[in-house]
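Handing you a structure now.
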Amino acid sequence: MSFGRPHLRTSYEQDSAIFPTYFQKGAAGLFLIFIVLMVLGNGAAGWIPTWLFGQTWLNPLTLVLPFAIAALGFNILTGVTGQVSLGHAFFMGVGAYSAVTLGGKGDGGVKACVPFADNIGLLDKAGECGLGLPIWIWLPLAGVFAALVGILVSPAAVKVRGLYLAIVTVGLVFIGLHIARMLPEYAGDYESGRKWPKLDIRIWKEEVPFIDMNEDGKWLGLIYLTEEQKQFFFLFAILLVMMAFAKNLVRTRTGRALQAIRDRDVAAEVMGVPEQHYKRVGFAISSFYAGIGGALWASYQGRVSPVDFSLLLSVEFVAILLIGGAGTIAGTMMGTLFVELLPKAVEKLTNWLSGNLDSGGVIGDLANIMLTSGPGDFGPVSTSPTAPGWPMSVFLWNPVIYGVLIVIFLIFEPHGLFGIWVKIRNYWKGWPFSY
Amino acid sequence: MLEISNLEVVYNEVALVLRGLSIEVPDGSVVALLGSNGAGKTTTARATTGLLDNHEGKSTKGTIMWNGQDITHMKPSSIVRAGISQVMEGRRCFGELTVDENLATGAFTNKDGAKRNYDRVMELFPRLLERRKQLAGYMSGGEQQMLAIGRAMMAEPKLMILDEPSLGLAPLLVQQVRDVISLINSEGTSILLIEQNAMMALSIADFGYIMENGKIVMDGEGQKLLADDDVKEFYLGLHGDESGERKSFRDVKHYKRRKKWAS
Amino acid sequence: MSSNETGTSKIIEVEDITLRFGGVTAINGVGFHVTEGELFAVIGPNGAGKTSIFNSISQVYRPQEGDIRWKGKSIMGERPDAIARLGIARTFQNIALFGQMTVIDNILTGRHIRMKNNWLTGMAWFGPAKKEEMENRERVEDIIDFLEINEWRKHPVALLPYGIQKRVELGRALAMDPELLLLDEPVAGMNLEETEDMARFILDIREELGISMILVEHDMGLVMDIADRILVVDFGRPIGTGLPKEIQSNDDVIAAYLGQDFSEEISID
Amino acid sequence: MKFKRLLALFMALGLVASACGSSETDDGAAGESESSATTEATAEEETTTTAAPAEAEEPAAEIATDFGVTDDTIKVGLNADLSGPFASLVAEIVEGQTVYWEVVNANGGIAGRQVEMVVLDSGYATDKGIENYLTLAAESDEGVAMISENTGSPITAAIAEDAKDDDILVIPLSWASLWADPDIGPNILEKGTNYCIESMNGISFLADLVTENGDTPKLAILSRPGEYGADGFAGAALAAELLDIEVVYAAEGEVAGDDRTAVVTQLVNSGANIVWTTLTPGETADIFGNAVAQGFEAQWSGNQPSFNYLAHLGGDLAESFDQYWWQSGYTVPWNGNDSEGMQDLVAAFTELRPDNNLSDVYAIGWMEGLMVQTVLEQAAANGDMTRAGIVAASQEVTVDFKGLGPNQSWAGSYNDSVVRESYMFDADATAFDIQPVSSGTGSTGLFIEKGPFVSEIVADYVFDGPCI
Amino acid sequence: MIDVLLLAQESTGFFPTFLQTLIKGLALGSIYAVMGIGFVIVFKGTQVLNFAAGGIAMAGALFMSILVNDAGLPFLPFSNPLAPEIGTTPSIPRWLINLVLALIIAAILGMVLERIAIRPMIGQPLFSMAVITLGIETALGPFNRDATSLTARSLQIPWGLEQWEFLGAGIPKSYVGAMVAAVLCFLSINLFFRSRFGVAMRAVAFDQEAAQAQGINVGRVFSIAWGLGAALVAVGAIFYGMGPFPPQGTVSQEIHPVLAFRVLPVIILGGLDSIPGALYGGLLIASAEVFAGQYLAQWTSVLGAGYSTIVPYIVMLIVLLVRPYGLFGSEEIRRV
């Protein structure tokens, strides 16, 4: 078509493509290749994560992926539809527990799946409900169940607006936590939880999985991968599909309706967009993503407890949205990476600084200012992880940093990392004529 | 005396709304500032009373001097203390407060004179006295306009800026507002009257300015402006062509048309 | 169809509606009808209840009394989106565009009721959804072309100048392929040139598409020139209906609204 | 993998590194807390500084290693709650272990190697705990040789199976009776008496007390949800059955959330004269305080973390606790006795942490240190300090806790390896006085009333598996 | 098991239990109401839903415990002259003076937070402002937890667990204390709203720019709103730290931060901007919670342990299904 003029688009189809120009297509492709190389442990692509997060960086990075999926859902509800929810953790929980009920191992048979089985005398002792179904059943259904629960609570949720909705969804999280306590046959022990099905792909309930994600080895007889690499690629592929879905949603009729409700709800209704219906759709789709994210997260972790689906988890998504930039998919990805990897990076950085305490030079000085290695020193961060009181250990500083970042981003860069990226891009677009 | 010279105001760091505006309000006079929608009249009022911040606006050039003091970048509360009060466009009474409480907010900077000024307002607007315990939100537009003017009087200003006091009022009430303004002026308060209703404003103004696109395009004594042909055409809404008759909007169509709509 | 030969069948009838909020009566027994292809104007001072009439027609507010009929069928109690699907489009006094969306997306949102793809087909993109999106995109480009806002196509509307926003809003309403268009102060705050442009768009829409319109406007010049019939309201009460000429000479209207010497003082707000 | 081992062997043969490294770090690190959070960077630095050939104390070459053990360092990992609900407690336990290693390292370390702690914070969140475990158990330079402390039953339950797969030894900071069961946690090296046995001993003690006063014991059991609550409750119920005590109120797993009004009402109305709790300190304070306020009189005790001398003897309820509470435990308190272990501990803290406040729980960290040292030395003696080798060594040792608690070994069946002794402490509000270690005075207010003792029911009971 | 429970229920009379439950409901309701008013004042003054109230409240309780326990003050060169002797419970007047001091410090904390984080955001969407407070809450948490980890943070309540006997029911002095505190707070807030600054605050709440045009220093009004809001939630937290309430005279890092979230249903029911609403909402929600906790206890094995703590949220959801703007909130007119 028109290689020489990248901005000239010759059809509407081209104009509304995800990556409209050849340059963008190429950049996206290169980025994908970079990620693959990085995960395969290629030296050239791998030094940054190693330097920042240490040798075992692949684990934290893989952990980001389920969060990214859930964050996409949060973005659809809060960034695109404009409905402020603090209940995302609840829907992640619904997805996760649907997954473990369908795919996990149970010890009480089908009887254990009846709520309060032991109270009404079906079973002598509380058992765990698990049907042991394969991933291609439990994963989509985890999303579907979460979406259904989303629709179930929507009568209360679509009626209230703004901050009222935020508070209602706070209530949802607390109620969800309590339901988990009421129903140990699904949720397992309140504090230690239960075991989730592994990510292995089975055709049905056979012993040896069709594709094994938990052993090093050749994948489909093609390429040798470690267990961590397999899991990363599998989750990454799911994330890409979910990203494509989200992008498609936003650029079609439904997505526009959702955005219209966000920007002007009354005007949207007068334009023929039924507000409550689309809020419900937004809620359901968002919950679907949360469910998938929650199921994959729990499955990758192997075990999570009900208490992990707390308000703090919801707040994490708010931080992701704000730090990344609301309403955009690229921003959501940046936000997730930033928020999920930040604590780890801060820990490593502190360790690195404390290693350089006595090295002199700029780094040594910085370390001396920041760190307290013993009494009489006044740095705010204690090098000892155990010293109580002031100065605080890096573990306590992490949430502080995270909270302060939310504040700083909101005050100084409301468009988040994505906004910063756009500014940089525009600067270079105009270069050398930066105005 | 209020002197605004070469004032430039920018909103959101991009939109230049005032482009070198200069006006004067001598002590004891009524000055009218006229212009169409978007000319920058309200911006002028905001700049003078320090309310630009609320709208992401900033005065980038020029000065506003009040009796020899530079008030360009002063806080609104200091400006009110210095003796300038504004009656904002759309009245902006505190609907959930009673009439008395509304007046009390006006006396925020002038605790000492509160009683005296309260009596003066009530004398001027007996209607307010009848309704002193009523919530302002339930009053009619005309009463609210009286309340807004009364509220501004509570600070005992030396200059009162009125932004579109006739807006949305029935012709009869416009008449009343005009009389009240004259009365306040006669007691020694200077008035800067910002209006779209040029007829009403110029009929009581000692001096008038007409602004367009953020600049003064014409000025002169009130009666003189009223008689001006251009003023008649553009600010009294009498569009005209050479023949002196209004051009119908039905005739403006098509001359720019390039493409047929539905084919 | 020329502007003088308006159709005879009533497209919408408003019958003695009364709307109250708490203790305030916003509309008090207003009634009128609009025939096919007619340009009907509603005038009156600020706060007279003009916008409330629009809100009642689009059922954002529900009048307590009276009836509104669309082609003979009552639409009272319908939801706003259902009204839109009947073919009633509107613009807003204080622009109500979707600020963060681009011009294209805003107008495409107007196509909402004329499109069918849902969240499922939309997510899949390939197939019917894509085809439909492209077809409607073409239609939107026609509107953009008509309103002469090509250069703003990809800008988020919140960043556009006021006059352009007004046009986008008109475009969004047009995209709904309406049979009745409610225009709420389309030229408020515009200078003469912009007003002329808008007048031209309104007349074109009317002549070429035959869409009936109800116009709320302060600019007496515009109203008197282009409206077929005029309703005057004050304090929620109707004080006169008729041809522009009749209105200009109606004593009640002059007393309550226009003022004694209308020929000299046309634009009283 | 093979290549790496060969390389390690080669380096060990060629460089003979250990002694010099340890003597150098002795000077630098002995008195500073810095060494507790030793990092990758310092580790690298040490390797380079020790590159110069020096005399070896013993040939390191014979010891096989895989992860976490180099020629001059041994990394042990702690998956600790340093920001969550148990942070104050766990921080002091970690401190106990830290000081222990400072002393050991100053004396030449283990098998000529310095012990490095890698401390990660779980905040008592299962997900974070699992992430930490994955980091610690990584099969790379960052992995550790064993995990010397893993806070909490939930997180221990969550990683138990992985620890088995990874063949890595874990010492839990949790006393559920599960961990001693080879089927559940073959690699979980439980320390001390489990909740179940503690409940049995404690209820025997309380029952005797009531019987001596001529009353018939009537028992109320209060437990919270979760492994901890379930295990403590199971022990209490078992004790009631074996001692033939009437259970007048059993709130099994019913204590949760903030409002415990109903539990208090039922407890007060039950007429119990013995109360056994398996709760958190906050829950204990609430129920105990409300019950006492309503005139309820009984002999109270509960599993170890039900009671916290700081909160309970330092708060408004101090006198009531003094009057009605007996604390159960399985390590001696700060001024509990003059055993060798306690003297070592106090001496080390007086020298290395003079400003720290005295605490009962340093002993727990100290004992973890003793366990790890014993196991690692056995592994070194076996010539196999691979993770698997360490696990194997743990089955061969008996740890001498030097009077801080009953000695312990982990070989044999469940019934053989469980620890049956526990202590009962008297809470004394007037003695409670927290002072810096260096002052030499002060007290946590807990004094040994009885113990270490084994109640009859525990001595006779055959444990064929965990109580839950 | 259930047989045992039924026996237990019968052994005390119905009426004393009922009375005791009612009084507890009123006391807890007073605390919820006071904290609710704290939320409402901040919302009225600055249009911010203060999710950081939990952190501020707990910090306030910590200030109190520092004042009544330690002679010195952290980071300050001078000591607290009114501190009771170490290890002794202060007399009631001395305790009250320290309470006022603690509230002043909490108010200063609120003002500082407002100045740093809220002031730059004035005029932004409600959502952004609320989220900023979520950030503050997250950042405050570790400081609070760090402070509680040092030693037990007793509040040295002078009346401890003492109670009066009344018609067979034990009525703890703390409950009465909470009610008295609530009444005082309610009255003084009402008085405040009639004062010059109170009228100014209401004016700012209604129309910020118009208030500015009257010469009202909007910044100072914001400061006062946050100061008052912080002090009120601190009152709630300190009185919740008393005797028969769960933390039993100490500042609890498990309960105190969550307390504010339990108040959210209260202000939803009462309406974000209604002071009487907060009062009624607080009493209603707390009564529901306390009565459910007392009278549904037989069903604990089915309802789940600790079920009473989610009663507020359930009540909130049910009410919102029927009335989307709460019981006392007024329905907004949707403007186009």
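Structure notes:
We call the chains A, B, C, D and E, going by the order they appear; numbering starts again at 1 in every chain.
The rule is short, and it goes like this: a residue touches a chain if its C-beta (ideal position, glycine included) is under 8 Å from a C-beta of that chain, and two chains touch if they have at least 3 such contacts.
Just so you know, these numbers come straight off a predicted model, no measurement behind them.
Shared contact partners of subunit B and subunit D comprise E. Distances between chain centres, each the mean of the C-alpha atoms, put D farthest from subunit B. Of all the chains, the one whose CA centre sits at the greatest distance from that of subunit E is C. For this pair, subunit A with subunit E, the centres built from the Cα atoms lie 33 Å apart.
Averaged C-alpha coordinates give centres for subunit D and subunit E that are 38 Å from one another.
Subunit A and subunit C have CA centres that are 44 Å apart. In terms of their C-alpha centroids, the spacing between subunit A and subunit B amounts to 53 Å.
Shared interface positions of subunit D, defined as residues touching 2 or more other chains, are 83, 87-88, 91, 225, 256. Multi-chain contact residues of subunit A, defined as those touching 2 or more other chains: 181, 266-267, 270, 388, 396, 398-399. Along subunit E, residues 142, 145, 149-150, 301, 304-307, 309-310, 334, 336 each make contact with two or more other chains. By the touch criterion stated above, subunit D contacts subunit A in their complex at residues 32-34, 36-37, 39-42, 45, 80, 82-83, 87-88, 91-92, 94-95, 98, 119, 121, 123, 125-127, 130-131, 134-135, 138, 140-142, 152-155, 157-158, 161-162, 225-227, 256, 355.
Of all residues in subunit C, those touching subunit B in their complex are 23-24, 45-47, 145-146, 162, 188-192, 195-197, 199-200, 203-205, 208-209, 220-222, 225-226, 234, 256-257, 259, 264-269. Interface residues of subunit E, counted against subunit A in their complex, comprise 49, 74, 117, 120-121, 124, 126-128, 130-132, 134-143, 145-147, 149-150, 261, 264-265, 267-268, 272, 301-307, 309-310, 312-314, 316-317, 320-321, 324-326, 334-336. Those residues of subunit E lying in contact with subunit D across their complex are 1, 4-5, 8-9, 11-12, 17, 21, 24, 89, 142, 145, 148-152, 154-157, 160-161, 163, 170, 172, 243-244, 246-250, 252-255, 258, 262, 289-290, 293-294, 296-297, 300-301, 304-310.
Those residues of subunit C that touch subunit A in the complex are listed here as 58, 60, 79-85, 89-90, 92, 96-101, 105, 108-113, 115-119, 121-125, 129-130, 132-134, 137-138, 141, 172, 176.
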